[in-house]
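Inspection log for the structure reproduced underneath, given as structure tokens.
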């Protein structure tokens, strides 16, 4: 990884974007989107997290290996949640099938 | 059955035969591959033993075709086992509709059974031959597991949930009943016997024991006592949904989901009523947790299973 | 302990005084307790885990003695339950998981890749201290009365019903988890960043591939068990509502989180063993490994697939049948890379020049016993069979075939193989062969009857058992005593060899790894001149036509 | 102890570069290893919080009404202020790392102090929130407020609230400790353009803690508000 110096302007822009997204997620929580409220909130959170990871944490300027490490972390978390939920979601299915 | 030394367990249920056939198949595969590896290793070890200290064998890098072969063949065999095993597993988990229902409550460290006719037993269960039996099980404390090796069946018994198990005995006799999930100090003594009897003998046995109230009767009494009927009426304007014929039916929930009213759903609706609210009703039902114990819960469920469609055929909506 | 042993042994021999190496570079307690040399830390670990192995072994001895009779007459049920719990906890968390990685791995990973040390030497020492602290807490729990939840800590028994020292034990395991995380992290970074010139990924010894895969599991899985155990503790202490149904929780959530780590953890235990076997088989048949890329990738495949199969521990736990189906098919898949490894090792023997030195005997033992263990694993992954054999001695036997028959065989093989490198001295080959034979026989006598017991229906963790199971149990106990003797013999001749063993020389086996290109014992910086690597397992010259096509 | 053989790698002559340890060949290699090591550590952190998040997802799915009711007990204003505070602290942390990269000692110390201040502010607000929960009898293990038919579900929600925010706050405390050490070391001129790895690594850690909160805020405070 090279010693990449990010301009202050970019940092400030990221900060403003994060602040706006925080306001947005708070505001949108009070709007009834039906089943979409949670996905929207999570999407905004993922967006914010990406901004922090890519810029504040310099992953955008890092080598592939760092990308792989970060991706692996979230991928394994996804495995944990998805396979656990596969049990909780499908518990009643057998009864309805018969 | 005899209690002497043996190498293979009794085969005393319809399921036992099926599980054993699959086991023989797996065993054949296992023995074949173990033998193959043992013999090859042994043969190579002897044939290619080092004969002089400066031996320099020719390098072999590998062969993709061989690699593919020994990837695909085991994969195919395991897929056969997977398919076969899954078939049996679904059978184990789908009790036949005509099964006789026995309620089971587990606690540290005993098994409590109640027959549909009201007879109660502790750590012993008498069942008729050739009749599918369905066990509806719940636990008062920790996780237990009901296991009858001669029937090749087992299922965990959970606090907070109903689980089921079914079997059809094929051979009269006395079989071990174990707790298979570690549950505390006397785990290894939490067991007993299953007695499989001819149908006529079973009837005699039933007649010999002092019959308690049947689970259905007791459930009905509780239903009245606890005032369930004040809200749950077969009447569209009632505060609670009608429960006639609800068991096994699709229930539409407030959230828009549809689920099937099985034992677990009924149990949860009594203990934790606000979790799954039927569409069109308010979450006003208080919890009955602590007011009814696990056995009474099973009685209530037995009662709800027993009531068919409502007397007045009004609950179409 | 280790200080003293090496202190007294490495000095008097004149030929060792002539050269400075990691053992004689410094003496005294401080030079060991404050060392950052990966080789010395490996020896600190070796001494510690040997102590834990002995402790776990003592528990096993009492368990097997108790099971000689069906009536539970040697100890109380409470005691028996504590014995099998502590046997499991000590052996799994304090012996098997650190065994090969923390000792042989710690010693060899930097050497095999031509580095002077691990990437983070101080973190490496910290991991040993963390291990010791965690181990001491758990040991304290044993001393003050033990714990009886089973090593699986199933809720709500562990969080609300057990009245033994759950919190203390859990804290010990929680802390030890970080030692495992640090070791794994250290290996990953070291393997990525510190390889010698020319040492490309596909020139790495398979031992390194195996340790890389192991480290992935350590880093990705261990945090989950740490937080899960912590939640059990919180639920016990503060009645936080997470697992106990009485508080609104779902006990199956615990099982999911627990097995998310604890199933991959068995691959933490076996993968390094597979890495050792790859080294042994090549060295003692003087051949490059057959199908190198397939063995390398199968390690990674096991590490990744191993994370997708945990639900096969919960087939009869009240899990959804559909989830069970998914976990069953995925479990079948993880059997394939293991099979690929076994076939490739066998093929490596073909047309080799096979010698029967002690490490190779262990490798033969491993291949055979691991095959049985692996195949019975497929039985357990098959839903229909698992309904019957789940939580019976069949599972106990399967697990011990993999762990004792597989892992400990590999560990012993590896220890015998690299002992000359570690200490600079040879052990007595005759005694070593005898011990290997005794261990093999004792092992099979102990655990094969347990397969039969399992299919007959004897549940695990049983203090009292029906009389018809006694014959097989007595056989198993008899085998255990043979096995116990088998493990004692190496402890004696290893210690003996440190003082009286013949000097080994840099490469007594004619092996090709980088670790053999430096004197035994190695100098503190591992290599006198930086090594350069041109190919892996170069046991014989070859022409371009020999190389695989494609 | 004889340590003469340490720091005698091929780069021993590069005196200016603060301490290339004996087992590394170059400062570059050492720095890459450290950064990658930190990322690997953060992956373990993801998985550790991941265990809790999995529990959260399971129960949120099981008890949607209870989680919404529980969420209404949390103060959005305080939560929102805290979110902004953490985001701002991430900015100041990024600026601190930048100052270190440029070798500006005073700017580095200034931004580190800002970050610490914002972190302490966050913890202060958190303490206020916890004390509110205590007064509202919304603490697991103590006598619990009656939430009607939803009591048990709210209890589970509050349990997760405390475990998740508690673990997060614990990470904040460790982070503030690290930053304090960096400030002292930085003030004494312990970092330079060539050597600032500790600042960089602590920055990564601090941002990670921020990211956790970015998820906690909507998942805990903003359920079922419409």
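Chains: A, B, C and D, in written order; residue numbering restarts at 1 for each.
Here is the rule we go by: a contact is a pair of C-beta atoms (placed from the backbone, for glycine too) under 8 Å apart; a residue touches a chain by one contact, two chains touch by 3 or more.
In this text, all values refer to a predicted model and were calculated from it rather than measured experimentally.
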Labels of chains that are neighbours to chain C and to chain D: A, B
Comparison of A-D and B-C by number of C-beta pairs in contact, larger one: B-C
Centroid distance [mean C-alpha coordinates] between chain D and chain A, Å: 16
CA centroid of chain A to CA centroid of chain C, Å: 36
Chain B-chain D separation of Cα centroids, rounded to whole Å: 46
For chain C, residues that touch 2 or more chains besides their own: 192, 220, 224, 248, 250, 252-253, 256-257, 260, 321
Shared-contact residues (touching 2 or more other chains) in chain A: 65, 72-73, 76, 80, 84, 88-89, 91, 94
Touching two or more other chains - residue numbers and ranges from chain D: 32, 36, 40, 43, 47, 50-51, 54, 58, 62-63, 152-153
Arrangement of touching chains [line / ring / star / complete / other]: complete
Complex interface listing, chain B residues touching chain A: 90, 93-94, 248, 250, 258-260, 262, 264-265
In the complex with chain B, residue positions of chain C that touch it: 72, 77-78, 81, 148-150, 152, 154, 156-157, 161-162, 245-246, 248, 250-252, 285-288, 290-294, 315-318, 321, 324-325, 328-329, 332-333, 335-336, 339-340, 342-344, 346-347, 349-356, 364, 367-368, 371-372, 375-376, 378-379, 381-388, 390-392, 452, 455-457, 459-468, 471, 539-540, 542, 546-548, 550
Touching residues on chain B, where the partner in the complex is chain D: 255, 272-275, 277, 283-287, 289
Touch list for chain B against partner chain C, complex: 3-9, 18-19, 22-23, 26, 29-30, 33-34, 37-38, 40-41, 44-45, 48-51, 55-64, 66-67, 70-71, 74-75, 78-79, 81-82, 84-90, 92-93, 108, 141-143, 145, 147, 149-150, 152-156, 158-161, 163, 176, 178-189, 272
Of chain A, residues touching chain D in the complex: 1, 3, 5-6, 8, 11-12, 14-15, 18-19, 22, 25-26, 29-33, 37-38, 41-42, 44-45, 48-49, 52-53, 55-57, 65-66, 69-70, 72-74, 76-77, 80-81, 84-85, 88-89
